[in-house]
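Listed next: structures, encoded as structure tokens.
Okay, so chain A shows up in both of these, paired with chain B first and chain C after.
Up next, the complex of A and B:
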């Protein structure tokens, strides 16, 4: 899921070239028909138009059909189901209107789950962003073993969340490695039930998520750093700027668009969070790590409340959409307005 | 980034042989080489990142008694039975086979349907093209989580539960929007002259697609395919709901099941989990550049 939103944003910028290419394609199509080149290549305009339509249909239909059947239809069905009380068996005839929504929004477990999702978004920005930035700046230096380190930092991201979750479950269990490490540095009194203490469990999950997803942030930031012209650094250095000043006043501001893109991906991912939580805690203890997605699965499928679960799904989607739009409106818009990739002097000064 | 020597102030006078290494070391730019502090930080990062993975792999070589006595020691003596037990169980191989089949089917569907859909969207001029492309970009908005309950019921009603189609088809459908969005600019960037030349030689557009465009889009297809493969290989939510039959399950499901069923056998679980990591890690190391480039490219647009 991760990279898709950014790609979507990028595609809009290519939209401006559409007009020019389309006219030239039309020229191209017309030319062979106009030249009486004889035989089969000469086509009447009408047949060629139908032929083109057929070709387009041939190429696009399989993807569209798959998309319609397995994405569009289920999404619409979720909206439909959400208006019924239904256990998935028998006829869906108990229409309850918006009662499922009212029930979800009035349920402490659901609102708690929403709060946990929002907490995770905030913690990602407060913890993962500076950490990822620091490591990216570190790896951008000309140091020995840099390439190896880039590969290493990305390893957790490649592992399945389930696999990573099981390993961390082992590390975090009482008497496990984490406790042993705490004891080794004299912090024994702070050891506790990392996943069993309702006050701590969410932060433990957050820690594991940071371990898992830091590599993505680093890789994206490194990609952004490639776009920072080195002569800017050199110029600043000649003017007597320290390393720290260069990073703070030049590199990080120029990395702005990348950081904002990462923020978007991280936000959307945080809202969908399921696998890691399901493996580590199943939303417990005492719902302290429940997310909207684990709530959805535990109510929807484990208890066969398909109507209610669908209402939760629609709410999850609605929250994602609203946050995405707000983010687009207030944060990503800057990138569209002031030319993200041209290092304007105004930006450098800031 | 590799052309570091040019930045040094004195290289022009230095003899060519000595130049590169010395200039590199002397370079004092903002991205200059490591100080001990930098290397220390790098070491900490590497240890934090790899530590859990190494713990799992090494823990698989220990006995449960060893693990209980000292959670962080090295294996002493090295115990091979945890790993050999897993490798001799037909269950593990069944899971790996299921995962491979599902991931390959998903990847094949995504790549073929994706490049087919991206072709007219990139290189045909027709009314409604932008609207059609919009359909695909809007598909990005809908996460699997939102549709999971109807999907689960639909797969059940289509009698696809516990089959690899039941996982591969929805997975491919949800991966398609991103695939089309990544492929379209790539196909669009192929030079017009190629298409014109092919047409003059009497190739139809369909022929151009098969004979010229498809071979040329290899790199983009590999990127898209790798993303689809890794996504499918690591997927959990959809397989969790669709595959109840242990014989049909994938590796992530198997890892979760095994770890809860053998909760007391920590060493056994670590061995099982470590072996389940290997395919993803090997695949990643082989495709490392592609995965990273794919992600970076996707974000840059």
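Up next, the complex of A and C:
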């Protein structure tokens, strides 16, 4: 506790010279000794501080060890493998430098996959955000069958991705249930080879993804709506605001942090998209639904090009990292700064 | 206070123990073979094959006291994945299935597979040309126990319904059959282009008809695709695709999984034929409720002759499975795979319809009449080309297959297929 205060004091006097910083350090060191207190009292905080540190170490070490073993080490290994041409068998001795990266970035299928990933990010936000918001606002009202509707909306999200994928795969077969539904309402001329037409397949996949992940958006937004104080609504209504105005001017702005968090989750999910695509199309037809992750599997591991696959994995990691940082920097910063900076700015005002 | 510390210590030890267990657990399963224990991985994981192989192992153990054989019968794809991982760690089973071609070449180069040329000389002699796919630089590394062909499987009833009396022998016959089937409202051919390799088989076969066997044999070793016959093969395929003989949405159709797969469509009588390997009757049986597949209506004909092609029309495309021993396996391993290729074991293998036996002594034991026909065609073929993707290895084969699937989608030219394969080969 005292150390924290010392550090805080140091940071407020950032402009001052090193000499002043060192005095403050000396101050800090002297302070505990200078505090006149009974022996019993003085010893208790000391052991409890060590105890706290031990407890932190005890609880954090297993998690850190697992993280290092299953995340950090494999990431570093992938970086190492990516510099070699290696088929996974025998010694890894064919060093090729950055050739794998050059090859990936020059491959139309890989750049196409990257483009598909970006398309999916944009479409998720353009389609799922308004839709999810509308449904959340609707389900936030008191209406008959609300709980049942909430459950129905959320069920696809709970369903295992592979199961949902297989079900949709069967429904979307030529002459399958979806085609039959179209025919039943007189729209048979709009039926397509949903998964077999390279021009349509990506949008079919996008539809299934929306069906699957809309529930998550709705649940998150509903949770966010619980944090919007009802007295604001009442006040606005007393001032004569309509329901629409209340939603637009009060609810949605206050839902901002939730929406931005959802956007982040959605973006990361879109970048790493694999299972649904793999089950529905395997990245085909004619690579029209290839994502970076399916490319990694089909061109890397399935062809025993482990070096090349690792390079693709590193690129996928880099793209995700850059996009995540940009998002953090430009969009999530507002939410973070709200929490971190307000107290200090208040201090300045005082 | 003391109690808590004790408890903490216990918990800490337990946690550490758990972690240690994670890291060391994997290693203990390894068995380097002490001369008397053999591990055997195979993919006959259903009756009667599974029981038959257990019996075979028991017989071998009885004849060779002190030898224990540990069998792992796995589902085919599982086995492939596990074998790949095993090869990477170098901790392979003693006896495993080897598909030959470029895959085997990689195993040989990495020193993972035993050279059995000398101890199994008698069996190699007996199997004759069938062993060719498992030989490299004059050395033999595995003994093929099942070798099949790719050809057209068709529904005799649907052919009769469309007024086709004879199985097609030339491409003109095939185009004629396609027209008749379409006129009768029957989808002519299903192809699992979603899984890529079934589509690639068409290109392989056109290459086999357009190129002489010498050109193909040379291409497998030199990986040089400059002969114009490879482009001609792509042009033949383009012509076939332009005739639109395939099932609706074939670009997304899987090969064998489920009733909407290419095999499923043939088994449920929604298409008249499919180009597939010797495994097709078994696959179709699994996809129909009565376990009969097409039953009596199952027919087979070889890939038709192509006008003006340099290839012998009786050359066939095929592939098979062979038994191999890992480099560190004890010598008794070779005795066991020799036993697996013996007359009696191969006869039982044929009687149980587990595949197409390679030992000539077992040819007469093939029970299924259609498979017996196929076996006759195989034994008459002057040259059996191993599937290109296996022969060229996963890298070149994969690039070739992807380009072929783009050709099916109308997004690649015959020249593109050759260029893609050549680029991948040059990059190796």
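Just so we're on the same page, the second predicted complex is superposed on the first by the 273 of 350 C-alpha atoms of A that agree within 3 Å, B and C clash if a C-alpha of one lies under 4 Å from a C-alpha of the other, contacts with A are read in each partner's own complex, and residues count from 1 in each chain.
Throughout what follows, contacts are C-beta pairs under 8 Å (C-beta built on N, C-alpha and C of every residue); 3 or more make two chains touch, one makes a residue touch a chain.
Predicted model only: the values in this text are computed from it and were never measured.
When the two structures are aligned on the shared chain, A:270 is found in touch with neither chain B nor chain C.
Using the contact criterion defined above for the overlaid structures, shared-chain residue A:226 touches chain B, although it does not reach chain C.
Within the superposed three-chain model, A:62 lies in touch with chain B and with chain C [touch as defined at top]. After overlaying the two complexes on the shared chain, residue contacts for A:261 are found with chain B alone; chain C is out of touch.
In the superposed model, A:124 lies in contact with neither chain B nor chain C.
In the superposed pair of complexes, A:279 makes contact with chain B only, with no contact to chain C. By the touch criterion stated above, A:88 is placed in contact with chain B and with chain C alike. Touch criterion met: A:175 reaches chain B and chain C at once. On chain A, the patch touched by chain B and the patch touched by chain C overlap at residues 58, 62, 66, 69, 88, 170, 175-176. For chain A in complex with chain B, the touching residues are 1-11, 13-15, 18, 21-26, 28-29, 32, 41, 52-53, 55-56, 58-60, 62-64, 66-67, 69-71, 73-75, 77-78, 81, 88, 135, 138-145, 149, 151-156, 158-164, 166-171, 175-177, 179-181, 184, 211, 214-216, 219-220, 223, 226, 230, 233-234, 236-237, 243, 246-247, 251, 258, 261-262, 265, 268, 272, 274-275, 278-279, 293, 296-297, 300-301, 306, 309-310, 313-314, 316-317, 320-321, 324.
Interface residues of chain A, counted against chain C in their complex, comprise 58, 62, 65-66, 69, 87-90, 103, 109, 170, 173-176, 193-198, 201, 281-282, 284-287, 298-299, 302-305.
Taken together, the chain B residues at the contact with chain A in this complex read 1, 4, 7, 24, 27, 29-34, 38-39, 41-42, 45-46, 48-50, 52-53, 55-56, 59, 68, 70-72, 109, 112-114, 116-117, 119-121, 123-126, 129-130, 132-133, 135-137, 139-154, 169-170, 172-174, 176-178, 180-182, 184-185, 188, 192, 195-196, 199-200, 202, 205-206, 209, 227, 230, 233-234, 236-237, 241, 251-253, 255-256, 259, 266, 269-270, 273, 276-277, 280-281, 284-285, 288, 291-292, 294-296, 298-301. By the touch criterion given at the top, residues 8, 12, 15, 19, 23, 84, 87-88, 106-107, 109-112, 193-196, 247-253, 258, 260, 393-395, 398-399, 402, 405-406, 409, 411, 427 of chain C touch chain A in their complex.
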